[in-house]
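Structures for review follow.
Heads up, the next two complexes both have chain A, just with different partners, chain B and then chain C.
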Partner chain A sequence: MYEIPLITADNFITYALNGVSRGMIIFLVASGLSLIFGLIGLINFAHGAMLALGGYGTYIVIQATGNFWLGLVVSVALVTVLGFVLERKLLYWIYDEPLLGFLGTFGIGLVIEEALAVYFGSRSYTVPSPLPESVQILGVSYPSYRLFVIAVGAVVALGVGLLLAKTRLGLEIHATANMQPTAEILGVDTARIYTITFVLGTALAALAGALTAPITSMYPTIGLDYITMAFLVIIVGGMGSFKGSFVVSMIVGQIIAFGWLLLAPTYVRIVIFAAAMVFILYKPRGFFGKPEVHE
Partner chain B sequence: MSDLLSVEDLNAFYGDSQVLFDVSLEIGSDDVVGVFGRNGMGKTTLLNSLVNRIDRKTGTVTYRGQDVSDWAPHEIIREGIAYVPEEREIYPALSVRENLELAMAASVSEDVREERIQNVFTQFERLGEREKQRGGTLSGGEQQMLAIGRALVTDPDLLLLDEPTEGLAPAIIDDVVEILESLVTGDQAVLIVEQNINRMLPLIDRGYMIQTGQIVEEGDSEYLGDEELQEKYLTV
Partner chain C sequence: MSDTMADVREYARGTARRPLLALGVLLVLAVPFLAPSQADLATEALIFGLFAISVDVALGYAGLLTLAPAAFFGVGSYTVAKFVVDYDLSFWLGFPAAVILAVLLAVAVGYIPIKRRIGHVYFVLFTLAFGAIMHDFTFVTTWLTGGSDGLGFFSPPSVFGIDLGGQMEYYYFSLALVALVGFGIYRLIKSDYGDVLHATRQNQLRMRYLGYDTDRELMIAWVLSAAVSAFAGAIYVGSVGIASPSDISFALTGDVIIWIIVGGTGTLLGPFAAAVGLLFTQELLQNLWQGGYRLLLGLLFVVFVFTLPDGLMGFVRDDE
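After this line comes the complex of A and B, so read on.
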């Protein structure tokens, strides 16, 4: 019979921190997905593949140079450039056709995942932690790298939040997302805003992939697992709500961290999705979704 | 050809439906021009066509000697045209100030931005009092002031006004007409499309009548004020 581990004050903090670091990775994926959906209305099924590319790119650079940090920077930069090329050369032309957008991004995702499977095979790869030591925090010894992931997630959340709320670019993103034709007659280059937002969203997915590489093993369809959780997060958080994505990512991270004490990972996912379905029945617009009121 | 805006043989389409037929008109750099017609005759489509906010069009739009027929809307706007749409299209979740900020190009210096915003607040005191209030909470008249203010902060050479009195209470219409009176004495050209011809005639230098997408009459205020003409083209 499966024995439930005893939760002590020490391992409670460890599990909670694990939940925060996992939640940060989910948030990076979900916030990119949410930005792209919120602005362009595109459900980007290639988002998970961008995460996988970020992870595998990091792995390749580590194999060549042994330097994780270089791998992180190079893979995020290259996937960001790929996102730019995809948006300009393909997706830009099909924004007005939601079905084509769905099929296009789904196809791009499949091609990337199959290419990874052909090149790397279906076995899992792991990347050594670049910060193998632990540090004392809140009275427990905790891996430095996971704290680094938490810090990066917090900085990104703050940075993107400020970008959206306090800058000229944020104002133009809001204007384009809410009334694109109006933004155009106010002089906003909305095609440029679409590109910037798609590229930013892609960069966040690649960053999530690179950061997660030393924590979990990588396989070609790793993005699928994250993207389904990210979809759940943006639906429960409220479509297009950056704040909602953050809050729900943190909650899901905690449920996973503590859920694994009681249940196998598959069952934890089932519980999360069932809870989300019940929540959506009760509150269809999610935590921070806007009501459909035409002012 | 006019020194500011010249439209030649403009045909405009929404999907397969043609809305404008061979429309030609001219606007000089200090002209105040009106286009009048019943609902559904193509007035709004005409303005949308000038800034390329339309599915498809043929013909030529020349602005300051440049053929802008195929330019993106934002590129035409940044050349010095400001558009006040019929529905006002105020961003409901943005404050009055943010709505004004958005309309100004990023390249405009901080000092100039502030000066222009303060000028709008001087001209429309109610907007100044509601600087931090969300656009969606303003009354219809205040939203119209904000829509006009949003155009003025760009310091335009040509102001396009789509039915500025549409949907407003009579008392508010008086306020808006008063604002328009001050605008038409300014140094920018103005193109107003309206149904409410009698309130606009004192403001314009000349105008056009439009019917089923075609310019059918052209003349000064006196000519367009003719009752028979108005009966023919404006009475429902």
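After this line comes the complex of A and C, so read on.
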């Protein structure tokens, strides 16, 4: 049977930090999905493929230049451009048909993942950590790269949160999500808002992919695992709620980090999925969902 | 251009319908003689064709957007494999057990979401979670499912002196079962129930006002779809001899959705033909371009979704 390991204060802090960094990655994926879903009503199944592209893009640049930071920037930029092109050239036409949107993004995701599989093979790749040293924090020695991930996640959460809450653009995004025709009449260029939101969401997925590359190994379908988790996070957090995705991502990160003390990791996943199913049935708006959100 | 298309369609529906049907039946019957080495593949194609039909009953006819068809297919294949490999019971006993188990599971999973009418988006995500749980479950419950090794190997038994372990024998065995169940579904869809299902998908509220218990109608379609999926899974495991986690994977769910979309939702022949056709295409391509098949399949699917919305309209109509 599964052994329950002893836990010391040091371990506790390490696990908690692991949970935060894991939660930040999930948050980056979930917040992008949630933005796209909350505004456009698009179940974006290509999101996971964007994450994979971000990771593989980083890998390619590292192979070429040896510089992780360059890889991070270049791959996120390229995937952002791809997101822009996809939105303008393809997805824009099917916003009125949510089911086509779901199928279309599913197909696009499949094409990207299979292209990766053809090019790289299905074996998994790893990227060396750009910050291999550890630092002392809260009395434990902890890898600095993971702290970097936590910092990036926090900055993004704060930045996008402020963007949505305090700026004109954020206001226009809320207005468009709430009542697109009215926003259009009142002078909001809603087509532009859709594009910006989709591209922003895609960029967040690519960032998550690039950041996760040195932590976990990459394989073409890596995105599927993340988006399944992320979809459930945004349900529990409340569809379209940015705050909700953040809070629930953090909780899920901690559950994953500590859950394995009690249960095998796969059981932890099963428990999270089962909890999400219960939420879908009995509290479909989640903790922070607003009635304005597209269904 | 469109006139010629219309003529062709008219021709295929009218005068040429019976001869075409007869030709199709002949072709299916003759496959093991025309291409003996491909009998296994043909068996697989038939079974996946039945699987596609069963999923289309839920997806295309009832409008229940499920992302968990592979879960029920896997229940079928694992039940039969479990019975034969671990319990040393009869292969035949596995079939009813698989169907009963799938029905129970379908009721347990589908009852509340259908009753509460949670809407398309939530149904997609609900079944996505269910499918993920079932897949994870196969990996962790090693004592029950054999984990990543699966449950195998075994051969189907002999019946009336015919050894079903042979490729050709199993092909005809599968053909008989697929034809029987497929015909049953065809009759059901052509019956009043099929019309009720059509109407429910298009305007549920109106059907309720007309006095139909739409929840019950959808529930029947959902359970039927699960039962036939499991039945297909049960036939499948007899052909390959092992139940493995790929039977229950999201990849299989993706495949079956592609077959249905390419073939046309809300039709029976379409998904069946697409499953058979694409499976043979895969085999052909496998030798030319290893690994490229799924990429091309994905491209084909995207092209269908974006350029042939007519074929998809039945799927989409109900959302408005």
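The rule we apply is simple: the second predicted complex is superposed on the first by the 282 of 295 C-alpha atoms of A that agree within 3 Å, B and C clash if a C-alpha of one lies under 4 Å from a C-alpha of the other, contacts with A are read in each partner's own complex, and residues count from 1 in each chain.
Convention: a residue touches a chain if its C-beta (ideal position, glycine included) is under 8 Å from a C-beta of that chain, and two chains touch if they have at least 3 such contacts.
Just so it is clear, the model here is predicted, and its values are computed rather than measured.
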{"item": "Contacts of A:175 with chain B and chain C, given as first, second, both or neither", "value": "first"}
{"item": "First, second, both or neither for A:70, with chain B first and chain C second", "value": "neither"}
{"item": "Chain A residues touched - chain C or chain B, whichever exceeds", "value": "C"}
{"item": "Which of chain B and chain C A:215 touches, first, second, both or neither", "value": "neither"}
{"item": "First (chain B), second (chain C), both or neither touched by A:140", "value": "neither"}
{"item": "Partner chain(s) touched by A:103 [first = chain B, second = chain C, both, neither]", "value": "second"}
{"item": "Which superposed partner A:78 touches (first chain B, second chain C, both, neither)", "value": "neither"}
{"item": "Touched partner set for A:13, first chain B, second chain C, both or neither", "value": "neither"}
{"item": "Where chain A meets both chain C and chain B, residue numbers", "value": "295"}
{"item": "Contact set on chain A toward chain B in their complex", "value": "168, 171-172, 174-175, 178-179, 181-191, 295"}
{"item": "In the complex with chain A, residue positions of chain B that touch it", "value": "51, 53, 72-75, 77-78, 83, 85, 89, 91-94, 98, 101-103, 105-106, 136-137, 150, 154"}
{"item": "Residue numbers on chain A that touch chain C, as the complex places them", "value": "41, 43, 90, 93-94, 97-100, 102-104, 106-108, 110-111, 113-115, 117-118, 121, 224, 228, 231-232, 235, 264, 266-267, 269-270, 273-274, 276-277, 280-281, 284, 295"}
{"item": "Chain C residues touching chain A - in the complex, by the definition given at the top", "value": "65, 112-113, 116, 118-122, 124-126, 128-130, 132-133, 136-137, 139-140, 250, 254, 257-258, 261, 291-292, 294-295, 297-299, 301-302, 305-306, 309, 312, 315-316, 319"}
